[in-house]
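As written, the chains take the letters A, B and C, and residue 1 is the first residue of each chain.
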């Protein structure tokens, strides 16, 4: 299996924030969701992959090639969507396409036209007149119109309604039928990931917390809820995050079978949603 | 039954888009979610409530007052968070506060400072240097600091991570319970609404599709999945929207009881999420 | 590279059209009132040399650089394309300005004034001076780069004037040196030796500037 993206030991230093020791792999043919609180480093990682910012240390390989040495070659196969879409404000969408399409050998004009009409984007309109959602749709249309092997998308669905989001995600899933494609997208809307992602990478405060197949999370991660007394000191260590309320506790475990054994009865164990995982691991309270 | 917001037969004509006969109410002490595809009219309704645009017909009463005749009185009790917070970009947060506070006789400075402390917003920071999430938080702090009785949120949570969104939702719920405030919350992140909204109003193409209690909605609507042979003309008319796949179909019904009677064990029934409802009613075929 | 140049031309076409027309018209009027070709080239070169700079600052203003850098091009190509576009635009607009002057009724300058080798080399030298200095600054500081030059020059002037008595000897020597350099340069390029030297220097300065810009741009976080 080839890797679409291979990152190891990535480091980027800013005043007041450092991305450190970031390593993960995205195999071809899969969709990876990148999640994390605001400011955790998601955009930084995507910018580093695109060499928009310089890394302080580490390696990034895309399609097996070094991301800096083979920059142009790699980018010809990447469709990107930035968190904040920026183009020359008074250019029309038509002009933008005219300016960008020639850069891509595999540009598919028919595909672009069909996407534009599906997204209801007025080609004659100036970029500055579009709403945020429409600007995102424009980026998505551009990214999907040159048969890219890797889609790198930073919050592509923010500002878009659930209907469009679902269709986009279905389209992405459809793309994955071709084993040579891959998608990495960061999002705050974890419900989207529940449906489509194959892998989930969680980054917090500049560090990778985990990078796992979604199925593992779905099957083995759970929320244990029970009365306070049951939360003995020795049990805390087994949890990834604990919250205590006046009435009891809720804790995140990455090993439901063990938790079941530990607590026998007297607790309720529910499957953890991706959002639960983020919340418990971000402000997990205390754990030994 | 005390309605904090009452909209009757609201009309607005934009030529290619029309808001027609919009009527719904928000009860005091409850949270109502407003959902609908992009361009359906959600922002238009909110702008009409705030009299930012002129209506072509209908009535809007807030706190029992007419929103046009008693505009100032009404607005002093409304907290509004826009989807793109507009403030003078280059001012510091504390300067912006100093500009806004004098407009509200119920401005609570202590509360404001408590909120920006909670949200981690340094008062000396320049607005434009904040991330999108932090800008939202600031706008929210301002909106909450003058003891508004009705809080309007227009896509305020897009771009915010799940951790913060959950905190925000908890905060809104706290406001409702403790202080009998009311919230009208338009958002694309329907999973958030499912967690806290008491009522939900679905608008599509300028018309209200339904406005109902949340738990009732989630209980009576479901997604039916069955083999295509069950997709008869009669059944098509029964559904609110359906998608046909290669061998099976998925369909939305607002009458789970009847659906179970019709299909019994031959179909799989899933509770419909708000997203499902939006999706099938917007993109699904309908012969109703 | 061609794509990069075309991209900028397409995206900024309206701005380019308006600004160019304005400048050309202005220069036509201005140029018709003077009788020194050198003055004409001095002013027109500054104006036409600024046009590509304005385009690059627009990209900075709209923060569209991250978009450009995400396209399948290397940083080096982006820098080179800027220089090529800069040269092309300036030369074309300069030609149009010269044409406007020649055609403007009542113009005191004639073809022989404008269309000679000395003036051509002079124009190239002016262009080089403007672009070579501004480009690296633009890349490093964005729009602020222009202010670095403008304000920096002002500040330098103020300092020099303030200390002119204290530094009298140094200043006198400097001015004398500059005088002789100008004299040397203004002697014209009538003989092939001088022409070759002039062109070589122009090329060198451009190359140095390009190398500097590449270096700076490679390190720039967009």
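Basically, a contact is a pair of C-beta atoms (placed from the backbone, for glycine too) under 8 Å apart; a residue touches a chain by one contact, two chains touch by 3 or more.
Treat the numbers as computed from the prediction; the structure is a model and nothing was measured.
Minimum number of contact steps separating chain B from chain C: 2. Averaging the CA coordinates per chain and comparing them to the mean over all protein CA atoms picks out A as nearest. Across the assembly, the mean Cα position most removed from that of chain B is the one of C.
Averaged C-alpha coordinates put the centre of chain B at 55 Å from the centre of chain C. For the pair chain A and chain B, the distance between C-alpha centroids works out to 26 Å.
Chain A and chain C have CA centres that are 45 Å apart. The residues of chain C never reach two or more other chains; the list is empty. If you check the complex, the residues on chain A that touch chain B are 35-40, 131-133, 155, 158-167, 188-191, 275, 278-279, 282-283. The touching residues of chain A, counted against chain C in their complex, run 47, 50-54, 71-76, 78, 80, 82, 86-91, 95-96, 98-100, 102-104. Interface residues of chain B facing chain A in the complex, by the touch rule stated above, are 35-38, 83-84, 131-134, 155, 158-166, 188-191, 274-275, 278-279, 282-283. Chain C meets chain A in the complex at residues 3, 6-8, 10-15, 58-59, 62-64, 66-67, 69-75, 77, 219, 221-222.
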